[in-house]
Structures are given as structure tokens and as C-alpha cells.
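In this document, chain identifiers A, B and C correspond to the written order of the chains, with residue numbering beginning at 1 in each.
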Amino acid sequence: MSAGKKATGGNDVKSRSARRAFLKGIAMAGAAAAATPAWGGRTFQDAMGDFFQKHYLRMSPDEVQAAIERIQRRAQDRFGVDINVKNTPAQAGVVFGYAINISKCKGYRDCVSACVKENNLGRDSQVQYIRVLEMDQGTMNLENGDHYYAPETVPQEGKFYLPVQCMQCDDPPCVKACPVNATWMEPDGIVVVDYDWCIGCRYCMTACPYWARHFNWSEPEIPAEEINLDTHYLGNRPRPKGVVEKCHFCVQRTREGRQPACMEACPTGARVFGNLLDPDSEIRYVLENKTVFRLKEDLGTEPKFWYYTDG
Amino acid sequence: MLLAFGCAGLAGAQEPVAPAAETTVGFAGYPDAPALSVVPRQDEMRFFPCEQCHKFLETESQVRELSSPHTNELDHGEGRLWCLNCHEGEDRDYLVTLLGERIEYNDSHLVCGGCHANRHRDWYFGAHGKRADNWQGERRVYNCAHCHDPHEPALEPRAPEPMPPVRKGLARPEGGAHAPGFPWETQTDSTEEQP
Amino acid sequence: MGALIAFVFDGLRAMCRGPRLYWWWLGLLLFLIALGAWSYLTQLQEGLVVTGMSDQVSWGLYIANFAFLVGIAAAAVLLVIPAYIFHREDVKDVVLVGEGMAVAAVVMAITFVVIDLGRPERLWHMIPYLGEFNWPMSLLAWDVIVLSGYLLLNLAIPFYVLFHRYRGREPHFGLYFTMVVIAMFWAISIHTVTAFLFSANASRPFWHTALLGPRFIASAFASGPALIIIILQIVRAVTSYPVKQTVIDLLALIMAVALQINLFFVGVELFTDFYNEGAHAASIHYLFLGLGESHSLRPWIWTALGMNIIAVIILSVHPLRKQIRLLNLACVLAFIGIWIEKGMGLVIPGFVPTPLGEVFEYQPTLIEITVSIAIWAFGALVFTLLAKAVIAIEMGHLRHSSGTAVPGEMIS
């Protein structure tokens, strides 16, 4: 559990908080031989608290609060920023669903960039929650899709674009796979990960048919000034290395009625998000009035993510 | 006046304004659709009000080449449209529907819907267009002209954001495995010379 | 209780006695382990970024070795069944060696999984009640149960038998026979569960086949005896422990049949996938022929196939199999062939192409290779030490007699 002092983008060193500077001052004044603080820069108490921290769903409100404070101190330590960690619960009577109009998606990848910024994704690691596939017209075979298209302008002639992200399956194979219940489906249908409980076995990545789960092969690097301070415990709070993460429909936004970042960023309005239980919602209109399809429906995972076309 | 639409973009969205109530002679909206307000756009128009100039000009109903400042090509309707199909000839600060109803610029979707009725319906219900701010609570929706220049409605191609990275320390294999086209395409290639 | 302490103490003492060659061997193993430990330390500090794995190919050499080693562990049952069910006395002599091998293989398999974890310090999250254990849903939870259970069984049976021998008593037949029967079924279960670990993934068409379980068992029953045959010959060469040729003959026959069945299964798989080249076939296409520019596994799998075919020919032709040199060659070929086929050849193609159709190749890094070698060395060390104690007791050199053991000269 080394709190990765080196791999945090380099900018954090400058922007230590006053609190830490003060503590450091005391340590120096104490003339202890503490050139580098033990426990990866944290107190012994925090290190123990992290190690013995319980599963999110098993914690009492007090314990959650203590955990949140530790997470905040950790972020302060890693990035020198004060993050807000919410634990907003799911709204009653809400199950989220998402639909994309692939006639409208032009492959700009604006959703990808917005997601990276919103969700504090490691900048130089591989993690991106959304993959946009450039597909040949006339086929839905994903193997023909180009993940790394980079023409001067999109859309290209003869292509259509298929953004793929976590489908928030209603029968999620990743949840079944996890040996320690570190990932589960919330009452609003979002499949979340407790980053402090995940052991990093990556079996969920193997189980996911949509390649939606991603692993922190190294400590995620984010420039301190680009960190999104508005975070959720089960969402975009900074992640350590060695754990799996995934799209969570921007739980930090959507539970407060806001749009997921990818939808907000989409310049063509191809994305429709809403409450599947509300018969008047836009998402329900799409499902009931458009010809929709889901990816790999035959696997029985019941994705809550649809695609539709104009017409 | 054609210039007035320009490309105002999505950023400058302001206060919601309810659709004008008196313009419901022919089309009364969709009562089943969830309540919506349209993000206003009139304030973002560069040359508005149009009557600044047009009150001094005679209305000519003749289809003709326009001179400055309205020299843009009208790339809408494949040659079937011209100014007065959408713009109110007597008062250029308004638009006009097929039934001759006078429409404010902020309600321009009612003009678009005259031809694009299916899209308009989808827009009302949320399967087309773009909602602002939230998924829950007050529903504010961008107007058609926020995204589509009415005189050139197709969206311009542009550069995509960067391609996804690969894991630190690894290189993306060159070439990739992008499958060739359909088998019948290669069949014709081998049998006869195709231009 | 005193006898127990003396037993453990004497056992440890037997492990610490041996000729120069023994110490060189241990030294070599310890050196390899130290090398791997150092590499693993880097991995702990930097994260799994030091491996060749990626989001595309999220399991690599470690899990490949794991899958293979579970098979080796399961194969110990091939000594247990003839020894205890069919009462083959010659096999009974060496059954404890086989169980020692099972212990070593399970220890290696578990270690391979642990070092593959991104957060090994959170392993306690798996402990029921203390943590969360997603049983019976998660196949990985099943694997944890069957592997640790198998480890305990294979420690308990020899321990029970040896402890009795040590005190000069006969083990209670009813008791250990029950344990042996459980261990037999358990052995099949560990490898079936490990196969299910892969075949449970509908997301990975390459693994998602009912044949995977039988294929795992067949390949295990070929690679396991291959290793046992070689180990028994080494034991025979470096100790005076009696290893009868009939045991080796029996194992060679089992191996021949298992390898034939395994090759048949591979053929069945190839037919099913290649006759209709649907999405199901992309991975096997990648494995055997390559996809586009990506074909790094192609030479490996053809080598493996060639090795297995040569091995099966040697083993199936009676006069060839009887020649110990050729038999040894067949064992080495089959062992390596199956290691490739069932390790890298099974685990990696499951990830290529990814569920989104991306073809991204995997290449193990030096760190992964050193760590893997170290774990094999660790397994060899565990086996050597166990075998040392087992042989000492079995040969009667170690007996509990008023607290002192007879110092053995069992090493020839």
C-alpha cells in the first residue's frame, strides 16, 4: 500500500497544503530522522484505517465518514487538492438507462475527452471508459471496427460510429465474477466498484462482454490542476493503482439530476439518458418509438444501454 | 438576413422562454410530450432585429440572386426553398409557417417542424435534439437552429479528439487487424477490371 | 503431542541433511527465488505496469502457469487411485511422492494467482465473515475453496500416514481411505472448477465451450504423469528409494491414452471452429494462423502441436515406449507441449481479439518471466524438502524412538 509518492504527475510536490507543510515543520523541528515520512506520507493511523477499512456496504455511517476523511487526506497527499467526496444514495424509483442514436454520432470523441476530465481518469494510463468504434457501413461485426481512427475530419465516407461503454447490465457478469463482492449493482441500476475493496484479480474484466472494465496498471497520473474536485465515493474519486474501475454513469452527477458528462459533451445530441421507470421519460420514448438494439443481447446480460437510428 | 443565423453554438444558452402560446392555430404541439422550454436564441443573432434594415426595403416576392449581405448559398431543400418560405415578408423580425402563422425566432422549431414533422415529434419527446443541463427536473431543450444552420443544416465534419492511448510502456501494434471489405468486393476485383 | 513435535522437528532435520549435490540444488533454487523476489518487489512498487499485460490482454503468463499447474496437481490422483483403490503395492510405494508433487503444484498455482493480484495485501477480503466471499456465484471463489481444500487434503493424508509410520504404527485404514476417496473426487473438481473459471465467460467465445472441462482433465492426465515419470526417475537416481519400473510403465500407459484423448479434443475444437468461421473462431484463428499482422502465438502453438504429436507417437507404439530414453523424450515433449497449449495457448487467445474486436498482442516481460521461474523454483523447493522428509520416513530412517531419530543415509 505505498501511496505512490512519485507517480502523481509531478505537479503535486509544489502544491502541498499548509497543513502538510505545518506537519512537516513540526517533524523537522522535532529533529526526528524523518526525511521521508513513513507510511507513504500518511499517518500510521490512516495507514491502518485504510488497511482495515470495511466493505462500503458494511460500514456504519460513522465509518463511511471516517473513510471519506481518509480519502480526502489521501487526495491532499497525492495531488495537493481538497476533494469533496459525496456518498449520495440512489434515488428511489429511478433506474438509469442510456440510448445512443448512431445516426447522429459523428465520431468526434468529445464524450471520451469529457469523461476523462470528469472522472479523474489517469492521463497517461490506458483508462478510458468510452471506446468509439469506427465501423464499416453494412456490417455490425465489431471485429471490423477501428478503435484508433484519426482522420483529418470525421465522419468519414462509408463509416458509422459506435460508442461503447459500460452497459450497466441488469444481470452483470462482472458482479457474478468478483470473488470479494467489490463490485455490485446499486438500486438505480449502476454497477459500481469499491476501489478500496477490490483485490485486483481482474476476473471481472475477463467476464465483461463489452470491454467496459479497466485496470490501473500503474498509479493514475492526473495534473493536480485538472482534478475534478466534485467526486463520489462509488464514482470518480481518485483511484489507487492495482484496482479495477469502470463507467458509472457519472454517479456523482446523475444522482443529483445532472447529465452524465458524455451526454453533456455530445455536440450532436446523440445521447439520451434518463429514468427507465418513468413512462414519460425521453429514454422510454426512444425505447417505445424507435427501432432499438443492444450489443450482444444474446449473452443474456440485459444491458441498460440501447442503440437506435433515425427513421 | 441569411447571415443572421450564423453559428451561434450551444454555449450561450440563457433563460428559458415558454413557446409562444398564440401560435397554435394549426399545430398544437404534443400534449403527451414531457413539458419543455426552448433555450432562446434570438439574443445571439448578429443582425437582429432585421427590421433595422428591412423596414426601408420593399418586399420583393420574386425568386432571384441576392446581393450583400445575404449572398450565402442556401443549401437547404435542394433548390425547393427560398427566403420567404420561412421568413415573414411583411415583418422580417418574424418567421412564418406553411400556414402563414407568424413565429418568433425563439420558436423557430415550429417553422422547421412544418416540413420535418417526424424529427419535430422526436425533438418534442427527446429522441432528437439536445437537452440542456440535466436529465431530471425542468426540461430545457436546444432549438433546432442551435445545432443546424437553417441555410446549411448539415453538420460540418471536423477533426476528432485524439485516439485512445495504450497502456503505459506498451506500443500499439502497427497495421492493426482492420478486416478487408466484403468478400464479394474482392470477387469482382479478381474477375474483371473495375474502374 | 510430544511425538508430534518430535515428528515435525525430525522431519525438518531430515530436510537439512544431504550430500553436496543436494545443497547445490537447494542453493540454485534459492538463487532463482531471490531473483524472482527482487523482480516481484519491483512489481509491487510500480504496479502490474511492469508486466506485459494490458486492458486488452488482462491475464498473462501468471494465469497461464496457474491453469497448467492446477492440472499437474490434479494428476496426483493418478497415483492415488491405483494405490488405494486397486491396491497396487508398487504404486503405493510412491504415492506419497505424488502427493508431495500435488502439494508443490497447488502451492505454485496459488502463488501464481496471488502475485497476479493488483492488491495482494487485500487478500484478507476473501476470508469469509472477516471479508466478503462471493460464493457460490463467483467461480474464482470456488477455485479458492477447491484449491485450498486440495492443499489441505494433500497435506493431511501424507501427514497422517507418515506420522503413523514415524511412530511405527499402521494408519487406520477406514480413516485414510475416506480421505483418499474425498481427495480423488476433489482432484477432479479442482481442475474442472479451473476449467469452469474460463468456460464460464460467455464474453470469451474461445473459452466458452463445454469441452474445456474434459480437455483440461485430459491434458492434466497427460502432463501430470509426464512430470511424475521424470521425478520418479530422479528420485531413483539420487536416492536408494525403491521405484519400481512397473509404476513408470503404468504411468506411461495412462499418459499415452490421455494424450490421445487430448489431441482428439484439440482436433474436435479445430473442426468446430474452422468449419464455420464465425466470431467464435477469431481467437483460434489468431492462435493458429494469426490475425492480420498479429501472430506472435502462431510459432508456439505449432511447436506445441508438433511436440504433442511426436510424444503421442512414441507413447502409442509399444516398442518405442518401452525404451526409457524415448519415454523420457516423450515426457519432456508432452510436458512442454501441454504447458504451451494449455498455458499461453489457452489463456492469451481468450483475450485476442477483445470483446470489442481489437487485436492487441501480449508479450511477457523479463520481470514476469523471472517471477514465474522463481515460483517454479519455489515449487521445486517445496517438493524437494517434502520428498526428502517423506523418503526418510518411508525408508524407515526416521522413527520416533525415545525422542531421537536414526540418522538416515538414504541418499545414495
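Operating definition for what follows: a residue touches a chain if its C-beta (ideal position, glycine included) is under 8 Å from a C-beta of that chain, and two chains touch if they have at least 3 such contacts.
Keep in mind that this is a model prediction, so the values were computed, not measured.
Asker: Suppose every chain is reduced to the average of its Cα atoms; which one is closest to the average of all protein Cα atoms?
Answerer: Located nearest the centre of all protein C-alpha atoms is chain A.
Asker: Please work out which of B-C and A-B is bridged by more C-beta pairs in contact, and write that pair.
Answerer: Looking at B-C and A-B side by side, A-B shows more C-beta contacts.
Asker: Can you check how far apart chain A and chain C are, centre to centre, with Cα atoms defining each centre and the answer in Å?
Answerer: 38
Asker: Once you find the CA centre of chain B and the CA centre of chain C, what distance in Å lies between them?
Answerer: Using C-alpha averages as centres, the distance is 65 Å.
Asker: Using the average of all C-alpha atoms in each chain as its centre, how far is it in Å between chain A and chain B?
Answerer: From the centre of chain A to the centre of chain B is 33 Å.
Asker: Show the residues in chain B shared as contacts by 2 or more other chains, in ascending order.
Answerer: 166-168, 172, 176-178
Asker: For chain A, jot down the residues that touch at least 2 other chains.
Answerer: In chain A, 126, 131, 141, 143-144, 147, 217-218 touch at least two other chains.
Asker: Two-or-more-chain contact residues of chain C, please, as numbers and ranges.
Answerer: Within chain C, the residues that touch at least two other chains are 49, 54-55, 353.
Asker: Which residues, counting only chain C, touch chain A once they are in their complex?
Answerer: Residue positions touching the partner: 44-49, 51, 53-56, 58-59, 113, 116-123, 125-126, 131-134, 137-141, 144, 197, 200-204, 279, 282, 350-351, 353-358.
Asker: Give every residue of chain C touching chain B within the complex, in rising order.
Answerer: Residues 49-50, 52, 54-55, 291-294, 353, 359-361 of chain C touch chain B in their complex.
Asker: Name, in rising order, each residue of chain B that touches chain C in their complex.
Answerer: Interface residues on chain B, with respect to chain C: 166-170, 172-178.
Asker: Spell out the part of chain B that touches chain A in their complex, as residue ranges.
Answerer: Interface residues on the chain B side: 10, 34, 119, 122, 125-131, 133-137, 142, 147, 155, 157-168, 172, 176-179, 181-182.
Asker: Would you tell me which residues of chain A are touching chain C in their complex?
Answerer: 1-2, 51, 55, 58, 126-127, 131, 133, 141-145, 147, 164, 173, 176-182, 197-203, 205-211, 214-219, 241-244, 296, 299-300
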